[in-house]
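Order of writing sets the labels: A, B and C. Residues in every chain begin at 1.
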Amino acid sequence: MSAITERGAVPGHFAEPTLGTKLRRLIANPWGHPRGLVIITWLYVVISIVPVVVAIQFSFNAGRSVTAWQGFDLTKWYFGDPAYSVWADPRLQHAFWQSMKLAGLDMVIATPLGVMLAIGLARWRGALANASNFIMLFPLVTPELMMGVSLFLVFLYIFKFIQPGTTAQVLGHVTFSLSYVVVIVRGRLFSIGKSYEEAAADLGATPWESLRLVLLPLLLPAVFSSLMMVFAISIDDFVISQWLSCGSACDTVPIRVYSSTRGAPLPSVNALAALMVYMTLSAIGIAWLVMRFSNRGERKAEGARGGMVQTMGGFDM
Amino acid sequence: MSGGEIELINLNKLFGPMRAVDNISLHIPGGEFFSMLGSSGCGKTTTLRMIAGFEQPSSGHIVLDGVDMTETPPHKRHVNTVFQNYALFPHLNVFDNVAFGLRRQRETPDNVNRRVGEALELVQLTGFEKRKPSQMSGGQQQRVALARALVLKPAVLLLDEPLGALDARLRKQLQVELKTLQQQVGITFVYVTHDQEEALTMSDRIAVMSNGRIEQVAPPEEIYEAPATVFVADFLGVSNLMDAVASGADNVGRCKVKVGSFEFYAGRGSADISGSTKVTIRPERVRLEAKGTSGENRIPGVVQRWVYLGNAVQLIIGLATGAKIQALVQNTGEEIPYDEGSDVTVHLPATALRVLTDTGVPLASAAN
Amino acid sequence: MYPRWLWPAFAVPGVLWLILLFLVPFYAVIGVAFGGVDPIFMNAVPNWSPTDWQFDSIVTTLKGFLPGNQYWSVMIRTTVYVAIALAGSLLLGYPVAYYISRHAKKTKGILLALVVLPFWVSYMMRMLAWVNLFSPNGFINKFLVWSHIMTTPPDWLNGNPGSVVLGLIYGYIPYLILPLLAALDRIDRSVLEAARDLGASPASAFYHVTLPLSKPGILGASVIIALPMFGDYYTPNIVSGSPKTSMLGNQIDIFFHGGPQPSVGAALTLILSMFLAVLMAYYMVTIAKAQKELQA
């Protein structure tokens, strides 16, 4: 453990610091001493992950309790139990498919729309372009409650031909997903730059050919990541889905889980939530791999971690 | 293949209030290796991009082989570009990169194969067809970029500082290769660089640019030996510029100047001027003589610094006028009898001393 | 190279979508908030034209925020919860972000993955996990009894404000750590080394260099989680379920779903957005600035 910048290197001085020295250092700067930080960090990691692991573990509980472990049963709550498993319980199963439906439609609509929006905004100049950029950024900073209320009211009083229900939910999902797609694709657009398309035009490609043969192939990794991102945020959405819901027929997994937590929940709820976790993590994992794999050839950027941190941190700053 | 003759007529480019290219007119005959030289921001790259078609001139015309192509989009112009960062398509291998332009022209697959092979042979990269750009070194990528552009047999090849990203040794090697290539293929090269040595080595003619304007267009020797303006003198090599006051010509056609309180005769540049001006002399023409030597164009000085360059010795000398000049003495194996601190007499031979006009505007003649 | 109209053409569909389904709905909120109430059916009758706007509903609602009135306590409570949750998240989150970005060397990759993980686990799942642990027969209570720390552990999930605050922290802290990490990562290491080189002790270097340089990051990350926290209604519902701990979001929720008074709900939403407008503007400016930097 070398933290040389904080402690200062004294060449040749390898004697173990005495207990007194260690204590003095710890008191002098509890935030700065690496050992304290290590403890806090790993403590945080444990606290934040262990509950989820436990919840997932209980989805494999042989008994009906979510607090008392009664043995391991792999499939009981997923599809084994004939009455209460996710597969068997109609409300749970329906919630699963509803979530999948919304996510699928969201992916299919928001991604192309968002990619086009990203390309357009990246290269359009002028006052209208700035205003459009502003409009695009707005959903990212808006608390979901406000979006939920406003969408609820708009379908009640203005776009009355759309009732609360799946259609309304899809429309709401796409609306908040668009901005995420734009941020992802725009980042990729900036790193691509315009030199490749200029080279294509220089070599005789028409504008259309430049887009099709050069820009689009280079954007593909970002498009794919956007798809996975939209999937993940759509599946996890609670507020918008709830406000635009038509009742239990429109319940998504987060809504189901929400309704069940205060009752006497069965491990089947854990199983349902766990399914979502598996799918989201897979989607994000694939997206990460694709980004990593495709970027490897192109530029000597920082490691994939740096890229990932900046990409996700990039939603905010 | 036709001439590759380019004419730029009163070209202007404004970015908002900023005038990047200021009324440039140039004529480049076919087959010439023409360089545009200047520091960043001088407008050379913008001019190149206008010829390529990536920037629209604010006013002016670009004519290629008699055809005005100012309004033509880049993909229809018969010029090709080698970009500074090569811009090789990362998702295509070398073959597909080089074949790209041919395929846009709807060439038959057989022809494509043949011509790509020829182009790769020209740049000595046969066998690299399946490689991806990321698997190649900078020098190799640059050659692929060349092949990709040359395979289309353009009338003119535009090169935007293509050697900038390479290390010094590779750069020198490629400079020679590029020059040979150009002579071999015979098309016009328009080459942009900020490296004066590069421009001097490779070009048939150089346009020195500054602030969007052309300071001088001439072959390399003329640019170096007979710089027309202060900027050009200063940009290429060491110029040893000194303020002087001119007072007309003497009876053998040299200009009489006074540097400080010392009288000099400048044998180069316009003799017929008066008023304040500048004189310049190249370091390798400065002669050092023993202290107290008398004669024309001589001035006392003190050696202030002594820098050993290997093939020569560079001496910084403080003149009696207060100015500092640089002298370059070739390493002939003989010892140089002056040390740091020595008093010397500095001889600026009239045949080497040049009177300069400031920024290309000749001064009032002595007759006025 | 490309025709001028191409880029706007690309952008228009998306912008149109956002106008119709994001901006227009906001106008719906305004219309309802400044609208009237049908006396018979007690639903809202929105007023679309600014000339028809009625301000009594919003004035009455605003008055409700004055000390002693019905929204005063909710507002205070919400602000207190958010403030404490924010402080708690920063106290726990900053050292973690700091450690990972500046100190972790071999473990940086693993830690990063582990810290990113909860970000992708559904909020509901994390709340479910939390509730399971803190339920009367859950692990926490069992542990407290077993270790003799308490004999009758409190009912965590019934109207316990502490649970709400802890729930908020647990729920939102991943959204704080990530941007904070990104911001800290961007601080140039050599600046810190220069401080040490010039004679600053570790504590001094941290206080005089690292901390000030991380201020924008802290501010930004705080705004990122404070905004949704102010609108949160589901966390108190899951973790407490009692009106004793209800937040502003709960009030709005009630006015739309409980005994519907949409115009009051709309008015409350409007007021909340005014309140949050400064935060939202700050957030937007920072993103826009960061995008400009990317472009340059």
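Assume contacts are C-beta pairs under 8 Å (C-beta built on N, C-alpha and C of every residue); 3 or more make two chains touch, one makes a residue touch a chain.
Just so you know, these numbers come straight off a predicted model, no measurement behind them.
Common neighbours of chain B and chain C under the contact definition above: A.
The central chain of the assembly on a C-alpha centroid basis is A. By count of C-beta pairs in contact, A-C exceeds the other of the chain pairs A-B and A-C.
Remark: chain B and chain C have CA centroids separated by 59 Å (rounded to whole angstrom). Each chain gets a centre from the mean of its Cα atoms; for chain A and chain B, those two points are 53 Å apart.
Each chain gets one centre point, the mean of its Cα atoms, and the points for chain A and chain C are 16 Å apart.
The multi-chain contact residues of chain B, meaning those touching 2 or more other chains, are 53-54, 73-74.
In chain A, 198, 201, 207 are the positions where the chain touches two or more neighbouring chains simultaneously.
Among the residues of chain C, those touching two or more other chains are numbered 1. The touching residues of chain B, counted against chain C in their complex, run 53-54, 73-74. Looking at the complex, you find that chain C touches chain A at residues 1-3, 6-15, 17-19, 21-26, 28-29, 31-32, 44, 46, 92-93, 95-96, 98-100, 103-105, 108-109, 111-112, 114-133, 135, 137-139, 142, 157, 170, 173-174, 178-179, 181-183, 185, 189, 192-193, 196, 201-203, 205-206, 216-217, 220-221, 224, 227-228, 230-234, 237-238, 241, 249, 252, 256, 262, 265-266, 269, 272-273, 276, 280, 283-284, 286-288, 290-291, 294-295. By the touch rule above, chain A contacts chain C in their complex via residues 2-3, 5-8, 28-29, 31-32, 34, 36-38, 40-41, 44-45, 47-49, 51-52, 54-55, 58, 65-68, 113-114, 116-117, 119-124, 128-129, 132-147, 149-154, 156-158, 171-172, 174-175, 178, 182, 186-187, 190, 197-198, 201, 207, 210, 232, 235-236, 238-239, 243, 253-254, 257-258, 261-262, 265, 269-270, 273-274, 276-277, 280-281, 284, 303, 305-306, 308-310, 312-317. Residues of chain A touching chain B in their complex: 195-196, 198-207, 209, 213-214, 217-218, 296-298. Contact residues on chain B toward chain A in their complex (touch as defined above): 52-54, 73-76, 79-81, 83, 85, 87-91, 100-101, 104-105, 132-135, 148-149, 152.
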